[in-house]
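In the two complexes below, subunit A is the common chain; its partner is subunit B in one and subunit C in the other.
== the complex of A and B ==
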């Protein structure tokens, strides 16, 4: 049913730390791996070893350079997948009811056996979180690893989305963002988590944590610094003589 | 957005066909017999054929029937219903008119209203998308409706009505091009809001997530051909509005009507190509493109 639930019992989602992400793409690979073997149609590739490879991914990592007014440019890695929006425009546009948002946990899913592959939901998503699989002709998107997080056959520590489980930097967190006392909600409050494109009115559940301010060296004086200052700017004595003598030889590197 | 030939053909042809059926529906003395049969057949061929074409861009066309299920929320589903209703009512009306020379005006008006409703629902599929600021505007349904009415008037041989409607359509189109050029900037979305990094400084795309292309770039970050947009606008306006009006204004306008129709259709196709190719999707910001 493509009406959105008025509210959901829980709001499961991700919190992504832009300060910590190192841009290794491990989450991209583990997502592709898990979701190719599990929920729904595999994530196909076209011409994977040829000259023009493309394929379906549910999670992609962009990199941005940000130039502050002063100081050097800064580089950020930016993982992006479905944000499981509360006001998900991708759901309401769907003509078949294949796209839906679950009332119990807020996860946005596609029922692939009802999808006609019209692509309208991908047009409606501001974030590029939906990709039509070229082999299967149906819409693919992040399921928040719905087949892991409730899966009693997995050891408890694995009942997390594959991307969160695999991230070597601890840049991805999973939890209930509808519960103000959950770890993820507290993290969002502490670090000032924000929404992507809030002006689109989608009310994303996933939040992004801003990069912490970078350290600068200007104005920082170490107490030991005076001891490290050069003792003599110009060498004197024997060293001074050696320096001048060598410098006078032809082929010397002094002007 | 990717200007898919099947969608361009579908919206162009069905718009024209539904426009023609509208005028046949409200006509108090519709053409009967063989002449009527030809007029109605053209209308049904364009409208029905266009709708058939629209299934070509589906990943799973064999399930298209499911698109009728979500009329409560989805404009695409509503379009399916209005199209089915419009064609059914008009088939009944056409049968009475052509076979029995009997026109039930209530039935004709109902069919005509449903034809316009179908064009409206089609336009709302685009106008509802906040992600494409150029389309997310009341001028999108207005443009689709005036275009369909003008094209229908032209096809049904209403010379003076067609001239007026073509001029109105031209004005609406000109204004939506001009205003449309500013809608992306007005939408408030940019690379800073997309990444949330704007507070630190100027954001630039450094490295894309993949070496090749992908579905998103092909479908929504279609930038090829935009550089010719200005020239194509002139061509579209000339063929769609100016030439047909001039031809109709010539003495013996009726003799030139066939040429006017061809010119108009060609112009609408160019304008529809621009409608897609020029439309910027906000996801382009994640790729540093627009």
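== the complex of A and C ==
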């Protein structure tokens, strides 16, 4: 069993905007590219050109359809990676101490040299956010790009997780959710950010911003109707109106 | 236990090389991180005008494309029968000698017997120049089966269209309305734009039968019936005009709404504009009540203008628009059933557009001067932005639908005003400023001008005594404004010998034996058919591709191209630029790594071939090659004095736009991150077609030869010229069987008509569409080990109504039958659909043996193409004629007109039709992949 820090100095994490995510998978592949080349073992792929290609990804996008009681069905794109929980069950379940939560920033990591690939952590994670690499036999998970965010070899503006830097729609935000004045904390307050599956008691650091209400046009029918009040019913009446309207324009008055 | 010490600042790379992505046609800037001479990581270039640092899934997966096992390795000569995939590897000299031995006699005797068509090529100004020098009239790129309706409707209406021509004003729009599938072009800029709109709380409305992708994040979804977008738009126009919610000042000043139309039915110019002695269209000036040229200083053109002369009244375009669009034919109640939308939904959409355009107008305190020399103190904007692409374009009514959308934008004053739609240099550029088509072939000589252009009337058609001159029958009465050619008709026509037989089909990067053709199985047969002597009906096929695509197996000679990280390219202002509304820009690719195979960049090969053939412009006076390679051409070629493929750092390095060739130009591009950008002056940023400051700047930068202000063409006179011919006026007359259709469908004012294949589609009640996933590009994505894990299957997504009616459950299969044929495919339920629309992902299905995939790959066993049930011709009508499944104005392939019926069926072992495996010229990819530059 491995223990969690009593508290962390900061709570670094992601805020993911479900109102804006178009489901393009840019974050998925950027993550794969960075993390196959950096922290720990490469993210391998099995049967990559074959009948059943599978590989290790630290971040995946799922799509779900929702059918509200009224109005048309809706589709949501839901990116999912490790939520760097405060009460991370994946850490406490680890028999070797390989899984740990960093005291300084709260990032949950796997020390690959201590990982025996038993898979208990993946079993303990209620979010399915960990994947055992089939080639390396070690557990892989989101590192929050710990090798980018403090990296002096990167320009300061690039010290972000790869998924955040690449997101074309700007649906992913990174920051300290332990600081109520941070941009990400403010965004969570403004947009009603929520915890994923709070009933699990994991206290996830990552937050999701909910989709805004959709398809409200029926409530606007009467409000907007005056904008279409007719000026004329027939072409002739329309041209008469046109002539009067033009006469009222600064340039269009007849001498 | 102590927390492990980890290195928080590991070295990221040895070097960053900045070039241009080619994982799709978007052309984003990329930072390629190199480690130990290998490509280690690819990210977006923050300084780049297109993507501003972000990068999509495809771009980030570039490493897997660059290292794909499907890469061709060496020139190939066919040794087995066509389609078998049996080749022998040969040296480049042998390959080029063979090509010369085939092409040289053609050039000397009958240059039209070479048909040279390029697919997703980004060097069309170069490939077109080569084809022109060769002298064949038979050249085009893939626009005819892509989005020529959109491009052409935009050019004729307003001098530009969406994507490469212009974009929504993402920073200022308050309402954004997206018509149809658009995830396939301009991918990162649109995603960045939607992100900006969302961050500002602006409203997004999606009009699309399928609620996926961008429509999934739309605040409101309008699940329209496919092919009826034009009817919805004209109904919105009806509502707005009737309510007077149109921008009268804008229409008076900047459009041809006040231009007078000849109203004399007896005249040969009936329906054409009244013009002065200089040929300028005439308006009535409200100040004087007299006739005036449209551009006369100080006038205020009268929208209600009319002129009584010799007993005939000539009325303004606005009169004609009122007569048409105020008709109840376009009332929401009339169009509701047809579009599948409640009338109240249409009215509310129109009202919301009216509210935002006029009640939330914006104003920028920026004085400017218009082309009539009138000064304006501010720039007033209508913050309603629209975008559309394939969705409305790929129908046989797509041209007029795109026209209708542009008319709606213009009626609102929502083009080139702040908050609306903005052109990107070198656009705006009206049809008149583009060339006309050229097609006169002379043995041993170059063609008389560029192939593709914008006809202004029947006199510009490519006809010889009524017979089509081009193999694709572009620029004929069947499709007069086919500005991008009709690549999808080339193989069919060449096989039929209609209008004539060709000798050599030369294709670049176009998967015509699979997903890029309609009627795929028949196309494969056409490519392998032999005549009575046992010779192939299409005698010779040369193909260039970087990868082992399905088309490779059908070539006689394969010229292997490089990957995008191994090559020079220029993304040039001469063809498909990467500009933004506030900047003109162009870019290069350069070899950030050298090929490790015996392959060559296609453009360099084409220059070599051109020199071996002695083509003008490609050899010097002694007959020696003029250019060492494509990089040399990019720097030294001049299309006109001082204007070359690249606009930055010309002359001694200080001149932009115009200037002498600069031998150090590519170094400057590389030092600047692979691109050049010059910013549009503040005064010139909006109202570009009429803005003196913009017109002058465009001349300075080499975008225009002289200031060329023009009016937006709500009424398109060139269309009327064709219609007039169909009415019997003039010497050039259409064939009788096309007369009625031209009279109806080449209307100078936008109209809607049912998709042409609706006739005869009784019993096929369901619309079938494809969409391109955001993480895949055409056929290319499947060879990519990472991307195919995201999209390795493409079930047919079915709406609840049909899912229930057929009693389907997960894992079931359906037979999909069109008037042309049947396929049997896996089905999946999706509720967020128009109730009579099914769809699938485009080009996921693969032929066994292609792309270095295992024969059991899901793309080959469960994937499928809808192409098999779409024919390039309409079903026979009993008149003995071949009617093309295309838009009658532009010839655009009508992919999305497809209608089908559905039946539940037992699950076959694999999707049907299934084809034999082709033999892979590159073997198959490895069983395991642990990609890392470290290994």
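Following the convention adopted for this analysis, the second predicted complex is superposed on the first by the 217 of 255 C-alpha atoms of A that agree within 3 Å, B and C clash if a C-alpha of one lies under 4 Å from a C-alpha of the other, contacts with A are read in each partner's own complex, and residues count from 1 in each chain.
Definition applied: a contact is a pair of C-beta atoms (placed from the backbone, for glycine too) under 8 Å apart; a residue touches a chain by one contact, two chains touch by 3 or more.
Predicted model only: the values in this text are computed from it and were never measured.
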For this session: Answer with first, second, both or neither: which of subunit B and subunit C does A:16 touch in the superposed model?
Result: neither
Exercise. So, A:188: does it touch subunit B (first), subunit C (second), both, or neither?
Worked result: neither
For this session: Using the superposition on chain A described above, determine whether A:137 touches subunit B (first), subunit C (second), both, or neither.
Result: first
Exercise. After lining up the shared chain so the two structures overlap, which partner does A:53 touch, if you call subunit B first and subunit C second: first, second, both or neither?
Worked result: both
Exercise. Between subunit B (first) and subunit C (second), which does A:74 come into contact with in this model arrangement: first, second, both, or neither?
Worked result: both
Exercise. Does the superposition put A:34 against subunit B (first), subunit C (second), both, or neither?
Worked result: second
For this session: Answer with first, second, both or neither: which of subunit B and subunit C does A:168 touch in the superposed model?
Result: second
Problem set entry | Partner chain in contact with A:210 - subunit B first, subunit C second, else both or neither | first
For this session: Applying the touch criterion given at the start, work out whether A:151 contacts subunit B, subunit C, both or neither, answering first, second, both or neither.
Result: second
For this session: Check whether subunit B or subunit C contacts more residues of subunit A in the superposed model.
Result: C
Exercise. Same subunit A residues contacting subunit B and subunit C, which ones?
Worked result: 2, 28, 52-55, 57, 63, 65, 67, 73-76, 97, 114, 211
Seminar exercise, completed: subunit A residues touching subunit C in their complex are 2, 17, 19-26, 28-30, 32-34, 36-39, 41-42, 44-55, 57, 63, 65, 67, 72-77, 97, 100, 102-103, 109, 111, 114, 135, 146-147, 150-154, 157, 162, 165-171, 211-212, 214-218, 220-221, 224-225, 227-235, 238-239, 241-243, 245-246, 249, 251-255
Exercise. If you look only at subunit C, which of its residues touch subunit A in the complex?
Worked result: 1, 3-4, 6-12, 35, 40-44, 46, 51, 53-61, 63, 69, 187-188, 191-192, 194-196, 198-199, 211-221, 223, 239-245, 248-249, 252-253, 286-289, 300, 302-304, 318-319, 322-323, 326, 344-345, 347-352, 354-355, 359, 774-775, 783, 785-790, 792, 830-833, 852-854, 856-858, 861, 924-935
Problem set entry | subunit A-touching residues of subunit B, taken from the complex the two chains share | 1, 57-61, 63-64, 66-70, 72-77, 80, 125, 128-132, 187-189, 191, 193-197, 199-216, 219-220, 281-283, 286-287
Problem set entry | subunit B-facing residues of subunit A, complex | 1-3, 18, 28, 52-57, 60-69, 73-76, 78, 80, 89, 92-98, 114-120, 122-128, 131-134, 136-139, 194-201, 208, 210-211
